[in-house]
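In this document, chain identifiers A, B, C and D correspond to the written order of the chains, with residue numbering beginning at 1 in each.
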Amino acid sequence: MKKIINDPATVVADSLRGLELAHADLVTVVPDPAVVVRADAPVQGKVAVISGGGSGHEPMHGGLVGPGMLDAACPGPVFTSPTPDQVQAAIERTNGGAGALLIVKNYTGDVLNFETAAELAQAEDVEVATVVIDDDVAVQDSLYTAGRRGVGGTVLLEKIVGAAAERGDDLAACLALAQRVVANVRSMGMALAAPTVPHVGEPSFDLDADEMEVGIGIHGEPGRARLPAENADGIVARLLEPVLADLPFREGDRVLLFTNSMGATPLLELYLAHGIAERMLADRGIVVERRLVGPYVTSLEMQGMSLTVLKLDDELTGLWDAPVRTAALRWGS
Amino acid sequence: MKKIINDPATVVADSLRGLELAHADLVTVVPDPAVVVRADAPVQGKVAVISGGGSGHEPMHGGLVGPGMLDAACPGPVFTSPTPDQVQAAIERTNGGAGALLIVKNYTGDVLNFETAAELAQAEDVEVATVVIDDDVAVQDSLYTAGRRGVGGTVLLEKIVGAAAERGDDLAACLALAQRVVANVRSMGMALAAPTVPHVGEPSFDLDADEMEVGIGIHGEPGRARLPAENADGIVARLLEPVLADLPFREGDRVLLFTNSMGATPLLELYLAHGIAERMLADRGIVVERRLVGPYVTSLEMQGMSLTVLKLDDELTGLWDAPVRTAALRWGS
Amino acid sequence: MACTAESVADAVRAAAAVVASHRDELVALDRAIGDGDHGENLNRGFTAVVAALDEGTPDTPAAVLKLVASTLISKVGGAAGPLYGTAFLRASAVVKDAAELGPAEVVAALEAALGGVVARGKAEVGDKTMVDALSPAVEAARSADSVSELLTAAAEAARAGAESTEPLVARKGRASYLGERSAGHVDPGARSTALILGSFAAGPVR
Amino acid sequence: MACTAESVADAVRAAAAVVASHRDELVALDRAIGDGDHGENLNRGFTAVVAALDEGTPDTPAAVLKLVASTLISKVGGAAGPLYGTAFLRASAVVKDAAELGPAEVVAALEAALGGVVARGKAEVGDKTMVDALSPAVEAARSADSVSELLTAAAEAARAGAESTEPLVARKGRASYLGERSAGHVDPGARSTALILGSFAAGPVR
């Protein structure tokens, strides 16, 4: 296993120490139970926006904690959802009296653990609302699955809701906005090579030199289909078409296009793919009004990419543009 | 070969189109000869800060073009220095009457091509100065080598000199400052797995599962030594000790610590390594005053990391903190 | 033969040992149709459970079960953490403050555990989850006369139930994302349930 | 036998063909002790040279050499671009506006090319660079009587010179970073110089 680590058992805790040292102006790390908290938390009168999930998707979520985005992130072990006591601790540390919005990616483990924490917090009279994001069109949302997974759209959701909380929206408004984002965002991803989880020690799946896995998740789950590897045009079309067909996105729609690296795909390739996606959208008369390109929702050293499209309106665009100051996303004053 | 590309021959041009679409507010891409230019160039009365080199190191240099940093970047083919006509075009497009500072990484090819361009520009009465950065302590600087390579320190140099040019320093002052940065910055890198150049199609070197390459460059050149892979403590010590010994850095020194991913190393591991490096510096009484952690000077999908340490003083710290607005580095107003 | 707090604690230690020795098998099963962490998750949790028990065994079987529940909930994470945690929590609640558990209490505990897993996870038999092992185990337990017979019957039924998941297409949990590709593999959670019940049957429960 | 603009252009086309057919070999040599791009760089450059010649052959040998020089400089990049470019540029300058090149002019051109490479790259014989092929080639060329004999002698000397780089430790260029590890491999630039001079000798230069 090729890793820069000391011990698979302590990899998340060890990494959090480095995160805190690197960004002491932005975050405080509570070691046990592990929580990454905004340095100036709690912000009085502000809805606390909290997320979390398994580690290995960095910069999501710890790198997205800071003014204009998350108040806290709960990092589980690699690819394993956090536990309720982490979420409880996050709520306690960030509750400024206006309640907490939990942003949960739709995985059985994440949903169950956050649900337990929400019940416990409500029992202590803290107002808690939960939004579950499930933007991955690779999964059939039906009686026969656990429902769609939360993937790339999560970062856009966290940015937009974070901005709303920062400007003073109350919990109900934040929740309604979050649900609007979830309703308008769709994603799909693919892999050329699998990640290796430290405590497993071998790649999560095996792909031949001429194969790709389409419709993968972000935890090294195999995808829905293994196909012969294609060129960039083919890959982008294979991701973008189901995304656009699903909502559906229509001619004249204004969108945010998020071209995400799963970890090991170089920026050289990512920008190349982004350019292709922009042209495909332009060909359909869909207006790319904002974009995000980079490794934001990763899966350790998985090689591959995902595309996320969010339908914008003036309010969403304004909230996207609002100032943000986190380790990974930073703009405005 | 596992790549999201269409054609190895057009990969750089194709990627630049995506870069321009993604960051039209920051950069303009001139397709032939290829140059990435600050969107508002030329800035009258300001020294133009220009860099470039082979592609495959993204976000360096194209992602570092914008207010407070580079005026232009000249992207060569993957891992191959740009040609003089690219540099000439960059100078023409960005010269605001105050001359141009060329930031050149010390590789024979880069030095020769930039040198040729500088001669041609001077022949047309444009004031041009060149600074060559050679921060890689893995290479012996002696009669028996082409001299030390320019690696991670380049980003720090470009940020600091970019800030000086932005505040109005003249060419002589920018050059002197650049030389001061070069004199005070040292780096070293290692790899766990090699990158694959698109037009080569196989990894640049072969490493066994239990091996690492120490003292690598950023072009897939093999390093000075192949060693059994070590844990994070071992790797960080192996990079940091020669870096500190070289300048040397001493107790009480104030420094910027830059923990860089070579591409495929996940942020989880990178922050872990950063934390170790911070503690090693603290143990020696060296004060980490600023830090940068992330994939900034990459080598395609090479797995590995480098450490760069820059000795700070009040002026350098101030210039580091000055506002910057580029695709990859962004802070301040 | 009485099932005291001590013997429940011993059974849980036996379960921890079996989880540890099957960690890699559970990881491999989860790698095939999930994300490869099930063995690691459970092992982390049960290691913490043993550490908690080492600090002193609680007084009653219910208190032991509750300690197991809260430790698993706060250490396992993933889907298995809340599911196993709820199972032990409900089992604890149903046996109240009895000092010793007879067959009726053990059956009630198993029923409550199953009820908790279903309440949280909403899975039915045939969805390719731990319910496919736990549900037949509860059924089998009902028809036995002693605690040890009952546990043996439950373990055997759980083993068969876990095996029965192999041809199924998953409809719950992470494996459901794979659709048809999930068939042909045993469900890791069903397997771990069978292993744990097996350790209860084989172990030092008196 | 006269060496006209046409025949110089033909020689350059022959060089382009040889570079193309040895692209992968040069990549492999550069992969061993450099960054694996030498074959790709030269092939990109010579492909552009042929395209430029296809637009019409310049009038004089000097003009052909100058076109080759400027095309290589603007298309090759890396160390090889400025070095080969300077070589052709200096060769062009030294033969002035002669309509045909005799042995003396060809020797002068080769000497000028070597001078250009050394001026730019500061390498000496033994540094494991293209100078190790070009320098003995110039030496050998001096003692021949006709252009074709001279080119044959130069090519043979360059071939031997390139081979002689194998045991050397590099002191210039990217290979020098490897220190002792650079020994045991032929220098890619020396090899390409030998190939190009070989194509001049074998080719249709009359």
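Just so it is clear, a contact is a pair of C-beta atoms (placed from the backbone, for glycine too) under 8 Å apart; a residue touches a chain by one contact, two chains touch by 3 or more.
These are the chains along with the protein names UniProt gives them: A, B = Dihydroxyacetone kinase subunit DhaK; C, D = Dihydroxyacetone kinase subunit L.
Everything numeric in this text was worked out from a predicted model, so none of it was measured.
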Discussion item. By that same contact rule, can you tell me which chains touch subunit C and subunit D alike?
Written reply: none
Practice prompt. Let me have the rounded angstrom distance from the C-alpha centre of subunit A over to the C-alpha centre of subunit B, please.
Written response: 29
Response to the item:
Per the C-alpha centroid definition, the whole-Å distance linking subunit A and subunit C comes out as 32
Worksheet item: Where the centres are mean C-alpha positions, what is the separation of subunit B from subunit C, in Å?
Response: 54
Worksheet item: Where does subunit D touch two or more other chains at once, residue-wise?
Response: none
Worksheet item: If you look at subunit B, which of its residues touch at least two other chains?
Response: 78
Item to complete: Take each protein chain as a node, join two nodes whenever their chains touch, and name the resulting shape: line, ring, star, complete or other.
Response: line
Discussion item. Going by the touch definition at the top, which pairs of chains touch each other?
Written reply: A-B, A-C, B-D
Discussion item. Under the definition above, what is the set of subunit A residues touching subunit B in their complex?
Written reply: 1-7, 11-12, 14-22, 55-56, 58-59, 63, 78, 192-193, 209, 229, 231-233, 235, 259, 263-276, 278, 288, 291, 293, 295, 298, 300-301, 303-305, 330-331, 333
Discussion item. Which residues of subunit D touch subunit B once you look at their complex with the stated criterion?
Written reply: 27, 31, 34-37, 40-41, 44, 73-83, 120-121, 169, 171-174, 176-179, 181
Worksheet entry | Contact footprint of subunit D on subunit B as seen in their complex | 33, 54, 76-85, 107-109, 112-113, 115-116, 138-140, 143-146, 149, 197, 199-200, 204-205, 217, 219-222, 224
